[in-house]
């Protein structure tokens, strides 16, 4: 399937058929949500369009909403290969490597899927692009303990997150809702009172079983990386580590420390909880001390 | 073999045979060092006795010192099983697991041993109790690049370190030279302005291939561990990591942070370079920031 | 008047007359409190004795407690010179310089005294040794807004603080209640990774109108002052400033900073709120950065 | 006198008379410097023009340079009122209040002026717009100890600073040399992990005898002040203090601290040494701890 991008202005004036054709896939297997939103035109912003679709979903009957939930594929399901999954779902799940799981991981997902379906009668829905694999599994296990009412609300909230991301990609126009986060850093040399240039900075995602390299950069003359460590997409909820190679930096400056140096590679480990937020994680370091914090 | 401890006062008055019998093993296979020190009696302190033995070694002929060096066993040598190693050497090398190396590690040691012996004509000597396995290998490779003169001096310096440790164990008396180091920590809660009690603190040694657990403790009401993290022995030169479990601490205090918390397990990684020194590595932490430094 | 110190053991066995003679002054002009405590003998600790006297006061009639409150002198009153004040009160008020006020300050106190007496019908009572002059005035003004019930309770609480201090001085014995606080500091040099020795540290009390020098010390090899900055008495509630002369310290170490240095005299300003507590206020400093916190 | 601003392009094409008329005042009472630069036209940037004038000064004879130095007025001289000072000098000295000195200060300046003239035979020259009054006096006293050669070089360096500032005001065009500095701040709340909005920030200049208020601002939602604390002019070499009112901030957030709060008004005192530099002096604060540093 070819994904096409539509202009918001065109959506405000086109006929019902074109409108639903353009937006019918934003809510998984539920073109009736787009149909409901059609009556609320025009939309000044993409965010307004998203809000209208959410309203259409919220004001539908209980049975329709449940059908919407049931229309979603299971995570990491073998059904995927059978073709029942929409192209959007396939792409989203692939972003996390859910289509390339080991046998063991697949078994874990299937156990969770089975337990979840047995308990709630519908598939587990989560906006995978807002989570690391570890965070996704944590949420999966945690939500298994929810009451059915709470869990239906949680599922619909995730449907909203998924729709927002799809809409931002499918529609061009003013006032797009925020869907991307950002991670940045800054290294200050507190021994010489200025930015630390030339410091290697390595970002990894920390998972239960392994680390995944996300970025390997060098600080510039301002002590920053030329580009944010992460940007342009949701900042996946999960645990990260930045390794600051300050031992090599101070050695190159000829600052005599101990041998081996007290501080060499400084790991800063933190979790993001807000995929649309900005996480600034700086390091203030001398050869013998450092501080870090969530900055802005 | 039963190790016996002698009193310094007894050494000051006994006959030459007993003196050498008691101290002959302090310098590996070189009772003549003890003989040389015999003439310098009496000794007010154990440190004086050590200094006298070092003087006896320093004033001997070049050939004797070289023979002393040659009298040492190779590190991790297969010769060890053949029984040529003294009991002291066997025990010291065992402290680092050098008698339980994998085939691969053994091969690496044998390569280094061969290269070293080819270059210098004597075995590599290092006071293993002052090093982690990684630090030992780093030193081995670094010292291969030394000139023969520099390396002979380095070897004799290590002989002195070894002798000091053996002497402190073999002789009771006043004025023992310092042979032990110390590692301590302290956790301050900067959000509530007091010591952080109940924080799990896990110390590991970091090596090229693995982590070794050294201590798993909980901070007391003063934010300290009841005992130092390390004490009573040389603080091995090498790389360590303290993992401070502050996420659980703040959660238990009901301080609302994000979910997942921005900071959970805070790793502080550092190297010690002074086996007889005191390393105090505190953590000042709020749910959103922390600082650490070499304190005192 | 000569103050005499009595032994707790003696108080446990002496006759009623001696008991009251020894302790009658602990509650201002109210020997009946000592009489009430006499019946509760023996006392294992001085703290028990204090608790017994507080109980005697608490279980007396409302009228007696009010009379007790009324028996206290006004703060900074001209009546003082007329001789109606007990020796204890005179000494306590003198510790804050309340007997050496300027005309203007005296006028302020008299205004507050008058307003307070008009509102509550009894004199303002506060344990002056637990406050700086500024803190005392702040409390005076704040408590003017209390309801009569709240204020009577506040007055009796202060009577208890006063009695505890008097008791600790009048009676020798085990288990004295804590009446002294402590202020200490520590200077760490984060540029060289060790304690900062030879740093001048000047402690002042900050008041509305002036600074009062309390201590002028130099850090020792551990980066601490040989004695605590304050100890052996209640740490008066109030505002303090420690001026750390780190510019001279780094200049003496030959660490090239800017000219003039970015940091020279670093003022750390803080308030104590717990006269019996320990305030540890360290400084972690490089030539370009510093941190401070309430430590332990 | 009306100050007129000339365009750099016009200076590149005008006749010698107009050129000297426009720039003759840039070097005090020394139009020959402008004449010397005339031959080096054209100038691509204002910085090039400044460099050309400096070259004209440097390649003149020793006697001419000495005359140039002698053509400057004394600082804070009574001669000022007699009209011998140029309008530029009058304005520059006035910026520091040198025309409004007390009798005592005037006496101090006259003592220094006399000692300086006796030692060097020419007036003390300093670019007053790059100094606070205290820094100016410090430099005056320090430079009195220079050798005559060192001091002549120092005087000419100051002449260059003065000329650069005058040139930047007198000539419009590309490539102006940097003459302005900047002071900025940022307040981070480490207890809640975000910028601290609504914090009062008061900047003062600290002098030997008094404080001068420079700015009284409130941090915005980013924890910054809407405008830099200082900008658009040289950042005078001297000592400053920023008072951060964090006690009120945390109280407004309802964060329970002690009463009185441990930290209320946090003073951060520092010196600037680089008038064309950027000083970023942030505060990271919780109710119980803070850190500051020269950032970027």
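Note that the chains take the letters A, B, C and D in the order they are written out, and that residue 1 is the start of every chain.
Everything below uses one rule, namely that a residue touches a chain if its C-beta (ideal position, glycine included) is under 8 Å from a C-beta of that chain, and two chains touch if they have at least 3 such contacts.
Since this is a predicted model, take the numbers as computed values, not measurements.
*Asks:* Across the interfaces C-D and A-D, which one involves more C-beta pairs in contact?
*Replies:* If we tally the C-beta pairs in contact for C-D and A-D, the bigger total goes to C-D.
*Asks:* Which one of the chains is farthest from subunit C, going by Cα centres?
*Replies:* Relative to subunit C, the chain whose C-alpha centre sits farthest away is A.
*Asks:* Based only on mean CA positions, could you tell me how far subunit A sits from subunit C in angstrom?
*Replies:* Measuring from centre to centre gives 56 Å for this pair.
*Asks:* Centroid of subunit A to centroid of subunit D, CA atoms only: how many Å?
*Replies:* Each chain reduced to its C-alpha mean, subunit A and subunit D end up 49 Å apart.
*Asks:* Using the touch rule from the top of the page, what residues of subunit A touch 2 or more other chains?
*Replies:* Residues 190, 193-194, 258, 262, 284, 288-289, 291, 293-294.
*Asks:* Going by the contact rule set out above, which residues of subunit C touch subunit B in the complex?
*Replies:* Residues in contact with subunit B: 188, 190, 193-195, 222-223, 284, 291, 293-296.
*Asks:* In their complex, what parts of subunit A are in touch with subunit C?
*Replies:* Of all residues in subunit A, those touching subunit C are 190-194, 257-258, 262, 284, 286-289, 291.
*Asks:* Could you pull out which subunit B residues touch subunit A in their complex?
*Replies:* Its residues touching subunit A are 135, 138, 237-239, 258-267, 269-271, 273-274, 288-294.
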